[in-house]
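Common to both upcoming complexes is subunit A, partnered first by subunit B, then by subunit C.
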Partner chain A sequence: MIEVRNIRKRYRMRYVLQDVSFTAEKGQITCLIGMNGAGKSTILKAIMGLTPVKSGQILIDGQPLGKSVYEKVAFVPDHLTMPLGMKLSEGLRFMADFYDSWNPQRAEELIRFFKLDTKERIGNLSKGTAAKFNLVLGLAPNSEYVLMDEPFSGIDMFSREMIAEVFSSELIEERGVLLTTHEIGEMEHLIDRAVIMRDGKIGMDFDCEQVRSEEGKSVIDVMREVYLP
Partner chain B sequence: MNRYLKLVHMEIYRFRYMLAILMGLTAVCQIVGLVLYLNSEVQYRYSHFDKFGQWPDSNAMSFARALFGTQGWFAIPVVLCIAALILYAFLIWYRDWFGRSTFIYRLLMLPTARRHIYLAKLTALITFIFALVGFQLVLLSLEKWIFAFTVPAELTEHSYIAEAIEANRVLATLLPRSFEQFMYAYGIGIMAVIVAFTAILIERSFRLIGIVYAAFYVAACLLAVVFPIYTFGIDRSNAYLYPEEVFGIECLICILVISVSVWLGFRLLAKKITV
Partner chain C sequence: MNTGAGWEDIVFNSRDPVYLQVVRHFKELIVTGRLDAGQVIPSRRELGAKLKINPNTAQRAYKEMEERKLIVTEGNSPSRITMDDNVLRTIRSELLGEAVEAFVASVSKINVPVEELVELVKIKYIEAQDDVSGRTVSEGGGDKHD
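Up next is the complex of A and B:
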């Protein structure tokens, strides 16, 4: 379980995160929803130790951040973060070199699934192809959790379908997934839990299935309640 | 340890073309300069001989004298390499933050202690320095061979490589004759790189206000290093301390500056850095 407890973060004299607490369970897809600038990406970065927080605690399976966390939690940022001069094959090699949790068979499967050419240079990839390769790097390791920042933004329809297919496949099933999005539409049926953020605070945190069956509301209905009361 | 070495390999691999270009430039510039100089000198001697039936008064040509006569050709690429490495001391960090691929995300998420990233970048940079210095030494032997090949035996006067190095001011600084001098020059250089690394990490951690902090940090380090020399004096006869004592203090301060900078760098990278 990823536990975020009362984290606060200041940036240029204002709080971008204020007492944010939530949990993301293993075996579930948790979605951080919010408008641009609500602090979604900052939370993911804070969980990965890529930006410091002022106060609060982040625990992964009860442990604080440390180098072993990076074997356990994979992060797919909103852009590909590999040197542009590298070939795809070199990028895969790099990951295999550094991560004990790297699973080369799965990487190969994913490369085949997304129809990527490993001889291509990373700098030459189109945005959508780069996003696919980014997913390969995030999903190939045998990590227990995967964090994804806007996995669907700026990607064409067919590629979106492919990525959505990955979400409902066994690649994700066992793991805990925490992702952010500002366009909930096509994600709605995939997610188990939604955390709605507003101005650096948690507006609502709920189980999608429960809200759907008990109150008959969709995630978008709840979002409307939070954003347009 | 293993991952540290892999990181070092990666950093060197990323700079390989640039290093090759710098080496190539140095070789071409120095060899062209040397050959042009030697040809004109030899020609002058032969034309003098043809005209007057005897060699000019200072007819002997030694490798050392040839290097003395080609100061610029030898110094410019060396200075250029130094400038490139100084620039790269900054780029080695900033290139990971800027541009389309922000590789620093990946580096910080590697399942290894973050100090390995710092150490790998430092090791890579020191490797580049000594690779270029070593290349210059090899190049000098090659150039000596070119000299022997170009200048006819009757005009050649023997000289040692060491004399040749002394003949060029930049080379004499780059390749000091005494090991002690070598240690000082490169020790101070590496200390400067470490202080610069820490300043960069301060800026990357605190951003805008970090520039001010970094400037203060660099100024403090500079002051600490220069302070004993100015206060106690090292060449004054009326100084309160013996030169050896001032030297000892200086060494201690340098070790302190290096330790504090490295410690601070590790700490910032582990706790404060932001992408």
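Up next is the complex of A and C:
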């Protein structure tokens, strides 16, 4: 379980995160939803230790952040962070050298799933293809959790469908997934839990099926309530 | 073209629980004869991939169907559609009842004498049946876009 407890962060005299607490369970897909600037990406970066927080605590399976977090939690940032001159095959090799948890078999499976050509140069990839390769890098390690920052944004419909398919496949298996999005639409029936953020605060945190069965509301309905009360 | 029982023919609405929509989809497949009594159904994981839903949701749908005796799982063998005629009959009358209720609800606004309505339903229904059988024949001819 990833536990975020009362984290606060200030940036230029303004709180970008105010007392944020939530959990993301293993074996579940948790989605941080909110408009641009709500603080979603900042939370992912904070979990990965990429940005300092002013106060609060982040625990991964009960342990505070440490070096081992990078083997246990994979992060798929909103853009590909690989040298552009590398071929995809070299990029995979680079990851394999870097991470003990790298699973070459799964990497191969993912490359096939997304129909990528490993002889291609990273710098020549279209936006959608780069996003797919980015996911390959994030999903191939045997990490227990995967964080994804806006995996669907700015990507064409067919690539989005393909990426969405990953979530119902065994590539996710028993892992815990925490992703952010500002357009929940097509993801709505794929996620277990929704955490709606607004202005650096949690507006609502709920089990999607429970809200559908008890209140007959869609995730978008709840989001409207948070944003347009 | 779709292969098999037409698993993929489902569009989820966003306000009903997804697992219940999956259960309903199964009932429709059974009633329309696309799933037979005793037929082996996909594993939870396969269903998740086919319907593009989260494996937890597929799991929950199967649990619900097991509780309602729609499917049976014995030991380690794959789950199957029930052979119990009572259950199968209940599903059929349940779906039929719901469809008729919806029809009546929308028609009763028009305030039409029942005899006229029944006659109209009869004509339309026979037409529709002819249409369906006609279409199956032409599809058999291999033309995809008819």
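Here, the second predicted complex is superposed on the first by the 229 of 229 C-alpha atoms of A that agree within 3 Å, B and C clash if a C-alpha of one lies under 4 Å from a C-alpha of the other, contacts with A are read in each partner's own complex, and residues count from 1 in each chain.
We take it that a contact is a pair of C-beta atoms (placed from the backbone, for glycine too) under 8 Å apart; a residue touches a chain by one contact, two chains touch by 3 or more.
Just so it is clear, the structure is predicted and the values come from calculations on it, not from any experiment.
In this superposed model built on subunit A, subunit B and subunit C occupy separate space and fit side by side.
Applying the stated contact rule after C-alpha superposition, one finds that A:D97 touches subunit B and leaves subunit C untouched.
When the shared chain is aligned, no partner comes close enough to touch A:M204: not subunit B, not subunit C. Looking at the shared chain after the overlay, A:L50 reaches subunit B, while subunit C stays out of its contact range. In the overlay built on the shared chain, the residue A:E71 is in contact with subunit B alone; subunit C does not reach it. Shared-chain residue A:L59: touches no atom of subunit B or subunit C. Rounded to the nearest 10, the angle made at the CA centre of subunit A by the CA centres of subunit B and subunit C in the overlaid structures is 150 degrees.
Shared-chain residue A:A164: touches subunit C; no touch with subunit B. Once chain A of one complex is fitted onto chain A of the other, the partner contacts of A:P83 are limited to subunit B, with no touch recorded for subunit C. Once the two complexes are laid over each other on the shared chain, residue contacts for A:D221 go to subunit C alone; subunit B is not touched.
With chain A fitted onto itself, subunit B and subunit C come no nearer than 28 Å, counting C-alpha atoms only. Of the residues of subunit A, not a single one touches subunit B in one of the two structures and subunit C in the other.
Against subunit B, in their complex, subunit A makes its touches with residues 45, 48-52, 67-71, 75, 77, 79-85, 94, 97-101, 122-123. For subunit A in complex with subunit C, the residues that touch the partner chain are 27-29, 164-165, 167-170, 172, 188-192, 209, 212-213, 216-221. Those residues of subunit B that touch subunit A in the complex are listed here as 3, 6, 10, 14, 99-106, 108-114, 271-275.
Residue ranges of subunit C in contact with subunit A, taken from their complex: 12, 14-20, 45, 48-49, 51-57, 60.
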